Each structure stands twice: as C-alpha cells, then as structure tokens.
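Next come the structures, one after another.
After this come two complexes, each holding subunit A, first together with subunit B and then together with subunit C.
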Partner chain A sequence: MSVILEAVDLHRHYPLPREGIFARRRHVSAVNGVSFALEEGKVLGIVGESGSGKSTLARLLVGLEAPEKGEVRFLGQRISGLGDAALRPVRHQIQMVFQDPFGSLDPRMRVLDSIGEPLDVAEPGLAPEARRERIIGMLERVGLGEGALTRYPHQFSGGQRQRIAIARALITHPKLLIADEPVSALDVSVQAQILNLLLDLKLEFGLSLVFISHDLGIVRYLSDRVIVMQNGKIVEEGETEALFSAPAEAYTRQLIAAMPKL
Partner chain B sequence: MLKVTDLSITLGSITALRGLNFAIRPGETLGIVGESGSGKSITALAIMGLLPKVMRASGRIELEGNDLLALDESALCRSRGRRMAMIFQEPMTALNPVMPIGAQIAEGLVLHGIMSRHEAAEEAIRLVGRVGLPDPAARAHSYPHELSGGQRQRAMIAMAIACRPALLIADEPTSALDVTVQAEILALLKEVREETGMAMLFISHDLAVISKLAENTLVLYGGAAMEMGETHALLAAPRHPYTRGLIAAIPSGNAHNTRLNPIRGHVPELAKLPPGCPFHGRCPLGDERCRIERPAPDIAETTAWCHHAGAHAPLAPLGVTS
Partner chain C sequence: MRRALSHPSFMIGVVLSAAILAVALISLVWTPYDPGQMRIIMRLKPPGADFWLGTDQFGRDVVSMLMVGTRNALMVGLVAVGLGLTAGLVLGMLAARFQGSFLDEALMRSLDFVFAFPAVLTAILILTFMGPGLANAMIAIGIFNIPVFARQARGAALQVMAQDYVRAARLAGCGTFSILRRHVLPNIAGLMIVQASTQFALAILAEAGLSYLGIGTQPPNPSWGRMLNDAQTFLSRAPLLAIFPGAAIALSVLAFNLLGDGLRDLLDPRLKER
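Let's turn to the complex of A and B:
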C-alpha cells in the first residue's frame, strides 16, 4: 500500500493577545510537532478533547492554513505552503467536511448548485442530464430525496445540512476526505447512515479518510489506525483495536474510561 | 413527586406532543431519549412553564400535588427556581454574562425569600465549593466568560440546586462537553441527587449517557412515547422496533468493514406524521393498522406503544439498510 497523506513534523502556533503594550507577545502552540502517514484506502482516526489541536491539524492538512514548520505531503508531493495555482490540480482530490454545515454552504445557492459546483470544476464537460443524475444519486446516498434539489440551505435542519455538505464533498469522488466532527451534530439514526456511506466509499472507491472526533466509540468503529492528541502533540498512536484494548498511555486510558458505554 | 398525565402540546394544527404519561419519585431519575423533533425538550419547557406563547399544552403536570398547567404566571414564578429548576446544554446562554456567578447563585435564594442577602452570599460560596470549583470564595466573583465549559456547567448546577428544588430538569447537560468532563458532571449530578433527594428528569439524545444516571427511561419519537421502562430492561431487551433500531445504530467495537444497521429513512416533519404510530414510515414491522390506529400501551417487561410488541409477534430482524 502506498502512502497517500503524510504529515512531517507539523507546527502551528497562534499569538495570544498582548498583555500590555510593551509586553512580549506570547504564543499558544496549537499543533506542536505532529507527524503521521496515512496509507491509501485506510481510515485514520484522530481523537482528543477540545483544545487538543485536532481541528487546527485538519486545517493544516487541507491547506486552509500553512504550518510554520514541517510539511504536508499528498501522494509524495509537498502541498503545504503552495500557492493557489500550484494547488489546483490536487484540490478536487482532497475534500473536507466540517462540524458546522452552515459555514460550508452558500446560503444563496440552491442545493442543486451547491453540490454541482465542485462537479463543474472537476468534470466541466458533463451533460446537464448526467450532472443532475449524479447529484440526485449522491443526495440519495446521504439519505435525502430529489425534493431537496431546488431548496436553499436554510430550509433544512442541521442534520440535513450536514448531509448536503457531505454530498458536496464526495460528489467528485475525492481520493482523500478530511472530516472534522462530521457526524457530531446528527441524530443517532442518521449518524449510522453517514458512517455506512463513508465505509462504502472506502470499500468501493478506496477513499482514504482522516476522521476527527471527540467520540471514541465512532472513531473506534471506523478507523484502521488511531492517533490520540493532547495539547497539540500526539500522545499515542496505534492500530485501532490494539490501542483500545491495551492503551499504553495514562491519558488514553483516562479517555477510554470516561467514555459512556451501553 | 412529578406526575405528568396525558400531556399534549399543539402548535396550530401541528401536534408536537401526543398524550404523554409518566411519573418520577423523589430521588429517582427518568431519562428521556429521543432524536430531534421527538418532543423531549418541549416536554421540559412545558413542565417549567416556559413554552412559547404560540404553543398550547393540555393535560396535567403535577409537582408535589399542584397542577402546574392550572397555575397563573405569578404562582408559577414562585415554584420555578424554588421547587423546580433546569439546566441547559449551553450554560453560556443561560448565565448572565455581566454578573459574577456567586451573585447569580445567591439571586434565587434572595428572590424566593429563603435567605437574607448576606446569608445567600455565603451559601453561594458554599455551593460553588460543593459543585467542585476550586477556591470557591474567589471563584464566586468570577464572571461566566472566565470559566471553562465544564466549570460553567458546574456553576449552573450550583444555581439550580441552590433552593433545594424537588425537581431538577437537565436538558442535554453534557452534550457540549469533553468525555472526561462529561463523566465528572454526571458523577456530580448523581451526588447532588443523592444528597438532596430531588427527582430528576434527564434529557439526552445519547442512550449511553442516560444509562449512567436514570433508573427509568422513556423513549420518544415524533412527539409520542414509544417505550418506557426500567433502563436495564429496556436496554437489555427492547420491545419497540424504534428502541431496537436506536440501539443497533450505535457503533460498538470496530467495524472491520461491516456496516451498521441504521434506521431507514429520516426523521419526518411533525406535520407529515400519520395518525397512527409516528414511527410507521420507517418501521420494518409497520403495516396499515400502524398507519391508522394509535397503538395502546402493551405492558410487559417494559411498556411499548406498539401493535407488534406482543409476545407472540415475531421479532423481525432489524437489518434493513437504506
């Protein structure tokens, strides 16, 4: 198996507000020396509590932010710190889904166009009928009907909007999906549909996935490998079952113990 | 302590809650589990008398023998905060951002005439310590924004239990918190419940969280009761297809590339529910009778509002995938 995504010693810090006009500016390290490699067709789960740096890491991986140090490699090629033009060929192969679907959908765009937009960029020659069919097919896979096509984001519930955002991310069959808490806002019954969808795409199309969540149950279910983060650093990394059945670090044990079980 | 009889809530022609019945004894917790639109939060608001004006509630809500639905606003104000209190998912929206938390905790005690201003301020410090905030005398002067999410929820709990209410309603109190903090808050709620002997109504979308705290569980869907019973029994041998679907949809262990069993379809709009069982459209056992006729409670190990919950009905496998 070849490595699709590689993080090499990533660092990202943010300045804190000045405490006085002559005070030295202090920084908080959001991501502090994170390295990992994701094999093609596999799922990497990243767990951590709020403030652990997992969302900053997601933004670094898709290039929404540039690391101060270190680099992100996609299929062996460096993608961090590249300009827009240089990134364009790989952009549609890497997609992202955020926790808050409101921020990722244009409120003035009908669902048909929101989902169609990335398709138009990736496959400009697609006939209108075929385009429409692809979009309907995708909507059905995320559990929404054809009736959604001509409606606007505000006409949907939070869970439905998240499914639209997921449909938009997956319509071009990206090689890699970075998902930051994609199902946290969804009802349990809908959450299971989305997890199945992600699993199907992994098995059918070899989709590789970085799955970020605070929910250990879901991460354990979906991931091949798991990274546990705390204060911007990787505390523990391992094969999912090994990590959950025999965690080496105290922090991992603490997280697993706190997880409510049925 | 709390007895709810035939509680229905309507919004114009839409029925948001259909004829709910339950009771909670002192020191006991009832968990209400449901997805969005199930009516769980509206039930809480109805008990607190905080329903939006456009909604109409009918039935009876008795707290310590008084029918809350029959009380006028000023009488309701006297029991709200004093006899019943509520904590919410996001404490930041419930706390006053420009008032120190100690003063907010003391406010209710003074308002309900339980203590003098001075006594209340001291009691507030004791409560801040009781809910596990470090250095209570200093913490009481903190403003909500100076606290972390978990600490704010602790402050909310201190405020809610200040007047020693008979009933505490907790609506998704830990859903916004990290797992380790969630575990601490659940433990704290358990402790204060045991200390004060108050009854608790614990609302969550998460069955696992509910099972930590609630002796009894009520499963709501589309504004109607699906199943109710002792939490252990309900989880071990769910009799309603919806409860079984909910449990089957929770990931457990590692997939090793096997799929979950989601409930097919999606949560319907309340206006489009059939006259019979609300779960009809998504239920693997649903038939014409389910669509038309509201199921009567079928009482066995648990109570299930289902035409097919009878012991002789075959339990169809729930492996229906979408």
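Let's turn to the complex of A and C:
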C-alpha cells in the first residue's frame, strides 16, 4: 500500500486580538506539530473535542490554508504553501465535505451549477449535454433525482443538502476526500444514511478518506486508523480496534469513558 | 410576491416611483408648454385652467418646468448612483478579497477621507474645481457616493467570503475573480440594490441643493432646486411657486426611501419564507 497523504510536523497558529495598542500580539496555536500518513484506500479518523484543532487541520490538508511550519504531501508531492494557481492541477483530486450543509452551498446557485462548478474548472471543454449527464449521474448516485437540478439549496433538507455537497465533492473523481464533521449537523436518523453513503462511495470510487468528528462511535464505525487530538497535538494514534479496546493515554480513556452507552 | 403586494411602504414606494418615472418619460415627448418660453405679461399667474400650477416670474409654465425638472432629477440620480455603485462595488470587493493587505488599507482609508467631509460640501468642493453644470454635478454626487457603496460592499463581501461555499469554490479550483463574480456578487446584490435606492433619494436631494446654490443644473435647463431659489424672491407674492418644487423634492425623496425600506424588508433572508 502506498501513502496517499502525508502530514509532516504541521504547525498553524492564529493571532489573538491585541489587548491594547502597545500590548504584544499573542497567538493561539491551533495545530502544533501534527504528523501522520494515510495509506491509499484507507479511512483515517480524527477525533477530539471542540477546539482541538481538527477543523484547522482539515483546512491545512486540503490547502485552504498554509501551515507556518511543516508540509502536506499528496502522493509524495508537496502541496502546502503553494498558491491557488499552482495547486490547481491537484485540486480536483482532493476534495472536502463541510460540516454545515446550510453554509456549504451557495443559496443563489442552482444545484446544477453548484455541482458543476468543480467540473467546469477540471474539464472546461465539456459539452453542456455531457456536463448535464455527468451531473445527473452523480445526483442519482447520491440518492437524488434529476428533479433536483434546477432547484435551489433552500428547497432541500439538511440531509439532502449534504448529499448535494458530497456529489459536488466527488464529481471530478477525487482520490482523497476530507470530511470535516459531515454528519454532526444532521438528525441522528439521517446521520446513518449519509455515513453509509460515504462508505459506499468510498468503495465505488476507490477513495481514501480523512474523517473528522467529535463522535467516537461514528469514528470507530468508519475508520481503519484513528488519531486522537487535544490542544493541537496528537495524543494517541493507532489501529481503530486496538485503540478503542486498549487506549494507552489517559485522555483517550477519558473520551471513551464519556461515550454514551446504548 | 404576495408579500411584496401586502407590504404597504414598499407598495407606496413602487407606485410613487413609477409615477415619477412616468412623468419624466412623458416630459421627453410632451409638456403643456415649452418650459423655457417666457411670457412677461403672464408672469406670476396663480394656478388656473391655462397654467395648471401657475407661472413663474418670467411667465414660464410651472407644470412644464416641474416635468422637465423631474427628468433632470432622475438622470442625476441614475448617473450618480450608477457611478457610485459601480466604483464602490469594484473597490469594496477588491478590498474584501485582499483584506488586511496594504491595498485594502490604502483604499479604505482614502475613502474614509472622502467620507469625513459632509456629502454636499464634498460636491461643492468638487464643483468649484470642475465648474458648475449638470454633468459635473452628477459626477460630484457620484464621487461622494463611492465610499458609501464601497464600505457596504466590503463588509458584505467579507461576510460572504467566510462562508463554506466560497471555500468549496476555491477547492473546485475557481480563481479569485470567478469567485467574486459567481458567488460574492450575487449574494451581496440585494443589499446593494437597497442601498442604491436610498442613495438615489439622497442624490436627488443633493442635486436640488446644488442647483439651489446655483452650481448644479444651469439655466435655461429647469431644476427643482433652482425653481426653489427663484421662488424665494417672490415668497410673499406667490408662495405656491416655492411649494410646488418643494413638494416635488419631498415626494421623490419619500418615494425612493420607501422603496428602499420595502426592498430591505423583502430581501432580508431572515424574513424570507422557506
């Protein structure tokens, strides 16, 4: 198995607002020395409580932000710190699904154009008919019909919107998908549907997946390997079953103990 | 749509604005008399069958002058707001895109500089350099409109650019300008239209003010502001001469403000029915 995504000693901090004009600017560090490797076709779960730096890590991995130190490598090639233009050739191979399905779709854009947007950049020469066909195929694949094409996001439920967001992420057939809390804004009954959809699509498209969540149950269900984060650092990392059955760190044990028992 | 019809201030604004627009359009093809024609024997006539709203001190027909004045006022509003809106949008979105950069700071601080002076004072200042006249008045009013639109465009654009759909567009590989055009502009357009409607009312008021001072529309081209100034001398003999242009100014400012207020309510996403 070859490594598809590699994080090497990533650091990212944000400036805090100045407390006075002569006060020294202080920083909060969101990601502080994170390293890991993801093998092709595997699912890496990242767990941690709010503020542990999970979402910042996601933005670093997809290249929405640049790390101050360290680098992100995709298929052995450095992608961090490149400009938007230099990143464009690999863009459509790395996609992301966001947490809030109400914020991740442009309210003034029809579903057809939202899903078509990555396609327009990746394959600008595509004929309108072929483009439409591809988009319909993808919509059907995520469980929505052709009727969704000309509608606007506000006409869909949260779960349906997340399906649209997934269709947009996968329309260019990426190799790697970063899912940042993709189900935490959804009803519990819808969560399972979306998770199973993600798993099906992962097999079908041969995706490698980074799955970020604060929900340990979901991460355990999905992941091959798990990373536990706290305060921007990796506390523990291991194969899913090993980590859940015999956690080595006190923090991991606390998290597991706090899981609701059903 | 049904909400628009049942929104009283919006509907009043729409009807009044449409009426004003209609008057301006009619004045292009027809006025009761030539608004510039003087008839000294007929001077200062009260309203009557021949001259519906009477005549001024040179015997010119007030209705005809008001009608052409409407056309001038709307033209000033259109050009001034168009100029301010276009320049403000472009500058505001640029500043937002390069938020925190030197460009952003330089742009916004120089616009603050324009903003720091009272609007009409800025216009008077600009007209002193460029010389009086209708065209220059439009440009002057347009210039002090730029910071208003730029600030609002920047703020609104920043809000839009913090949304996940803009992140998704970046991940899709869209460039800066394609994101501004496809995502930011459509999402701030509503807000800018509301602002444009309010600024339109202010522009009409500013033109009237400048013409009253004699540096806006030049004779013989009629203007509400200059009619007011002319009427001032005859206030005791013919008070109606001042009332009519004053009412025209007040009514149109009211119309476009109501329109703007109504649009704000109707376009507010929090009130939008789902």
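The criterion applied here is as follows: the second predicted complex is superposed on the first by the 253 of 262 C-alpha atoms of A that agree within 3 Å, B and C clash if a C-alpha of one lies under 4 Å from a C-alpha of the other, contacts with A are read in each partner's own complex, and residues count from 1 in each chain.
Methods note: contacts are C-beta pairs under 8 Å (C-beta built on N, C-alpha and C of every residue); 3 or more make two chains touch, one makes a residue touch a chain.
Worth saying up front: this structure is predicted, and the values here are computed from it rather than measured.
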Clash or fit: subunit B against subunit C, after overlaying the two structures on subunit A?
fit
Considering only touches as defined above, state whether A:R88 meets subunit B (first), subunit C (second), both or neither.
second
Looking at the overlay, does A:S189 come into contact with subunit B only (first), subunit C only (second), both, or neither?
first
Quick one: classify A:P15 as touching subunit B (first), subunit C (second), both or neither.
neither
Once the shared chain is lined up, is A:P124 touching subunit B (first), subunit C (second), both, or neither of them?
neither
Touch test for A:V62: subunit B only (first), subunit C only (second), both, or neither?
second
Let me test your reading of the model: by the given contact rule, A:G76 touches which partner, first (subunit B), second (subunit C), both or neither?
neither
Please determine whether it is subunit B or subunit C that touches the greater number of subunit A residues.
B
Once aligned on A, the angle formed at the Cα centre of subunit A by those of subunit B and subunit C, in degrees rounded to the nearest 10, is 80
A:R108 in the overlay: touching subunit B, subunit C, both, or neither? Say first, second, both or neither.
second
Who does A:D100 touch here: subunit B (first), subunit C (second), both, or neither?
second
Minimum Cα separation between subunit B and subunit C after superposition, in Å, equals 13
Common interface positions of subunit A, toward subunit B and toward subunit C
none
Which subunit C residues qualify as touching subunit A in the complex?
163-165, 167-176, 182-183, 186-187, 269, 274
Footprint of subunit C on subunit A - complex, ascending
59, 62, 64, 84-85, 87-88, 91-92, 94-96, 98-100, 103-109, 114, 117-118, 120-122, 154, 165, 168
Quick one: which bits of subunit B touch subunit A in the complex? Just the residue numbers, please.
35-36, 149, 178-183, 186, 205-209, 211-212, 235, 245-247, 249-255, 257, 259-263, 265-267, 321-322
Within their complex, state which residues of subunit A touch subunit B.
49-50, 143-144, 157-160, 187-193, 195-196, 199-200, 202-203, 214, 216-218, 220-223, 240-241, 244, 254-255, 257-262
